[in-house]
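You will see chain A twice below: alongside chain B first, and alongside chain C after that.
Our next item is the complex of A and B:
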């Protein structure tokens, strides 16, 4: 890196409201000493009786105790019929995810809290206690056919692939299918309201769809099923991902870019915004709505009138495209990019 | 204290009242704002997905405009803040990208070296004004007005940008509300998403999600919601009528922009702060403003 581009860390290291230091694994562990009691509340569910209830347990803390250790202690000592999944105990198999105090965690990788409420993951049917049925997720992934289909001739062995070409797909390959993101996604939480595939299936798709060797027509078929533009970019998935995959910025956004290329009608909103910024320098919300929704916008006439009354929309501005320094700069930067694509 | 000020698109259109309130409140706080008139949109969520190179160029250009003035950059929109932060991070970690952007910027005699400090108004209040000075400036403590803080996503997530192990640990807005004399309340929607970014093509997600959050704040006893983001405000306030219809329930929840809440505590009137421009009337907050009327009258 040349000195002209010396990074200033001040933008990326924060203080109040920009970062926190107290909520680390070490800090959580230091809150308890051996012999202390961990108050555990577990949401238990019996499908046969269709009954769910919280059950309290008092678990003696042991040094370095994880959520999984607490569950094991409960199963061995107090509730031998407690249903929960785990296998590797080391953040590899992705089977032990639960919600602890309202947040998705891997039981094998999370320190216990003095008081914890443990619930099954959301957005998947519960089979019993903390065990969820992964079938809806697996069916979704299978429908996306996440494998590579080759139509062109292999150029050579090994194939001339660069790290740069594989940078996003390789991030997706870190996924352990633990379903933390799927449980945290608010859009998935809305059920059938949209056809959004959800973060975990999109990461699985990203492993092959972001691989440059894949057949674009096959990728197109899969992307058409994803409802990917229903992602609201809330980063809830990234926040809970135990594998630290930048799901929004390195998987969903590159997949959106591919969708915009292969199925532009799905990316109407994004393409309209780009065109508006290129022409005006800034977003004019009325122009954006007109472009994205077309005549459908008139269904929303009552709100438009209310907004107009409060001076929240300015139709003169919308219809008079005034040339400004900003519009010229945006045009220069964005139109040239479009031309060179 | 002087800042290059970037209001973003929303505060110059649907939330024009935010821009006006920010200028007035900043002056009260002793902040001098140089509005970057020639700055473009940061590209919202759309451009960064479908045209990352164009996205980086537009954002670095904004940072370069601030750098040309040798001023730190102040934003008032969450999504804009994250966009410029992400572009800055990409710029300083990818010399090839940096070089190509600077080649584009050279056409208008601009150049970025990576030195612009980026700060949202919320952080400016905490870091540049500071708790001590702010307490001195509060002339109308808000009489324990119960306020629900609605952070919005892009000022507290993603984790790699802000460093929160759990974004719910962010308390910057609650701390501030306390300084202003409010009583911050806890509720389930604090760090949840308003769904703005898909609302232009499909509003139903925003309506469903935000309805739950407003109801949770109301149930917890909030008299108002305060947000540091105009995009969240657009949904919380502008869509509240549709949300009420969807829930078959009245919510009547006034939504304040962050500078407006600060302004009320600094003794400015609701009219000056343009609170009357919102879709949901803030008449329920009148008891907290009565003091101001007396004071200014």
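Our next item is the complex of A and C:
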């Protein structure tokens, strides 16, 4: 189905990955007319019988229909045993997130598409159909003790505080813990290979860790548990966030900076990389290896030789070609950035 | 089946239940929260748009402080409120509530210079982070305070019955975790009912999915007295389409940092309500809006289920976006904001009535059963008032608990309840699935017990309810009898409660022979302060019911007329 709607620059929403042509909100809302059929395919799962299968439904479109309306229609008319979680229907409780056509969406918030496949969130155990077990996420959040601990005694309402100081924390406070980002995160998808807490728990932590009223020592304890430098800044989390939180730029990056400051050893790799780029104007893998692993490189000598043979590291470049035009430019840029922070 | 023992069982994980648990904990009293949804993520508390400033906080003048009290008593409760309790609430909110929240870390929205941003005008308010979304960080904070205090909870667990000791007092709760299918019996010396006031009984309702009058019906079944069950509040401008957005409101309340608020136009494009001009004192102007809408409906220029519009086309986008979330709904529908308005409709919102409660002790009429928040019949609360109740009930229990001994619950009662639930899960009649019965009830409530009602429509609704009880309930069928995340089973449990509550609401509506605030009786259009400025008390007697009238003490504010056409009353 094509839409006559032609997007212009002004109605493109400036969010990464979501503002592609013919994918504006107005276009998405006008793809279907009342009476059209929405072809819905839902992944059903029954843990007791360990069986999963897609089931097809044909749902009549209603004006401005959301994914949740389609699920409600199915549960009222076709599959009364469909298990799916929701409470508020207005983007506040954050419990109705699902994957629609491979993308994490809040069912109550997202417009239906003419053909849609609905699946449960990834990276969490599925209980039945679209209902996932939130426990792993909840446990992670609780372990970070996301509350403030004051160094000074609270005086009286209102206490001195400005929005400028709360700017990043305020963004994190928009989080409804729907776990869209948790499902979209490729690092969480690696399972136990890393100790990365994941975007949603980091946003939850950011609410208090980026709050100037919090005790830095308390923040330090929490950050130590996050594995935050496993974040690869792929922006998948930001792309799917229904609350439009700039998760990487306003939460994870400031938290990384805080970690580098409070627990520099956690940021060893990141700080070394930055120093190398500042000095050389490029990434230098062998210098990075030497700085991060130090003498341990010699313990892992066979690996280093393999990298050398395959041309992944270049010792001549590392030891001879240090100063270039690029290195001067990079140094200037990074120093300027550091100065403005 | 697991058996858990605690001092106090709290049913409900919203503002009242959470604060009761936290206050009990401070007094060294153990509690356990039974929450049908997720603590702090379900129920009406989540919807708090902003927080009213009471007393002399944040530079409030004496006049503004008085206005806030007047708003609560007149506009919010149409005088059906214990004014002494209202005064205690106001004082507590000023002295304890705001500092407690801020000390715990709640972020009251500031500007860049550090001033707390307020809505200007005769009654002022503030927001937690963003106006329109205050309930989210507010309740999230409560959730984390509960975790920090290590207070245990049972989530996605429905309380299905109050259990009584042989002396008739309440001493436990039977519940079902509908995700795992496991039954629990919680034995406690007292039970606090804190299930809120926003049940989904009408085709359009603001309540969250799980709200289905459990608190009312469970209390009624053990004999608790109810009050003012007919007093139903309505939202007048919630988004008309799609159905799942029936709670999404075009907030008419004054905006933070702006002199303007939303305006409403009829099908002809004529403005018929603008809070700043038409109702400057009604901070939550829903009832005054509803009366303005009723006149449009009668003139054929709007319907209760749509055909009129609301929006901010008289504002700059930045003015709305600075401190509120209000633009998000328009934009998500692809509407140009703020130029375009959106079609709106009426939605059943808060029920002012509920379980009758002694507002000094928070006791119900049944020993061992206490009440906090919206489920009580003492006020149409705001989140601050519900929280005050949590404080009051915890204080009362700290005094009463010594006299409330834990006692044994007859095995037979536990057996009976467990059998009843299992039978519901195995429903295999030839009638309808439970969700369809639910929808049927909501349709009839909307049609016959909606905004405008009369004796004939109410009697006809009673007949419908009786037919549903006789014909549909015993013949429901469930497609899948699994114990895991079985929402059909939950619907079957809910509908049994809803039917009983609807009947009580209809009977109470027939009893109140006047119109008052949002309660419109076409056959009794006058507000009658001579005869009906009373609590409409509903008691169980033998196998039947009995109504009584209880006058209100009016120490601070009194209405200034005896009788008047309700649509002409300005509150």
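Everything below uses one rule, namely that the second predicted complex is superposed on the first by the 265 of 341 C-alpha atoms of A that agree within 3 Å, B and C clash if a C-alpha of one lies under 4 Å from a C-alpha of the other, contacts with A are read in each partner's own complex, and residues count from 1 in each chain.
One rule holds for everything that comes next: a residue touches a chain if its C-beta (ideal position, glycine included) is under 8 Å from a C-beta of that chain, and two chains touch if they have at least 3 such contacts.
None of the values given here were measured: they were computed from a predicted structure.
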Which superposed partner A:24 touches (first chain B, second chain C, both, neither): both
Chain B versus chain C as contact partner of A:312, first or second or both or neither: first
Partner chain in contact with A:106 - chain B first, chain C second, else both or neither: neither
First (chain B), second (chain C), both or neither touched by A:166: second
Touching partner for A:48 - first (chain B), second (chain C), both, neither: second
Which superposed partner A:330 touches (first chain B, second chain C, both, neither): first
Which of chain B and chain C A:69 touches, first, second, both or neither: second
Partner chain(s) touched by A:87 [first = chain B, second = chain C, both, neither]: second
Which of chain B and chain C A:176 touches, first, second, both or neither: second
Touching both chain C and chain B, counted on chain A across the two superposed complexes: 13, 24
Chain A residues within the chain B interface of the complex: 1-2, 4-8, 10-24, 102-103, 186-187, 190, 193-194, 229-236, 238-239, 244, 246, 248-249, 252-254, 256-257, 260, 267-271, 273-274, 277, 281-285, 288-289, 292-293, 303, 306-307, 310-314, 317, 324-327, 329-330, 332-334, 337
Residues of chain C defined as touching chain A within the complex: 37-38, 41-42, 46-47, 57-58, 98-99, 102-105, 107-114, 116, 128-130, 133, 135-137, 140, 144-145, 147-148, 179, 208-210, 241-248, 328, 331-335, 433, 435-436, 439, 478-480, 482, 484-488
Chain A residues within the chain C interface of the complex: 13, 24-30, 46-48, 62-66, 68-69, 72, 75-76, 79-84, 86-95, 108-109, 127-129, 131, 134, 142, 145-148, 150, 154, 156-164, 166, 169-170, 173-174, 176-177, 207-208, 211, 213
Residues of chain B defined as touching chain A within the complex: 9-10, 12-16, 37-41, 43-54, 57-58, 61, 85-86, 88-89, 91-93, 95, 98, 104, 107-108, 113-118, 122-123, 126-127, 153-173, 175, 192-193, 195-198, 200-202, 204-206, 208-209, 238, 241-242, 277-279
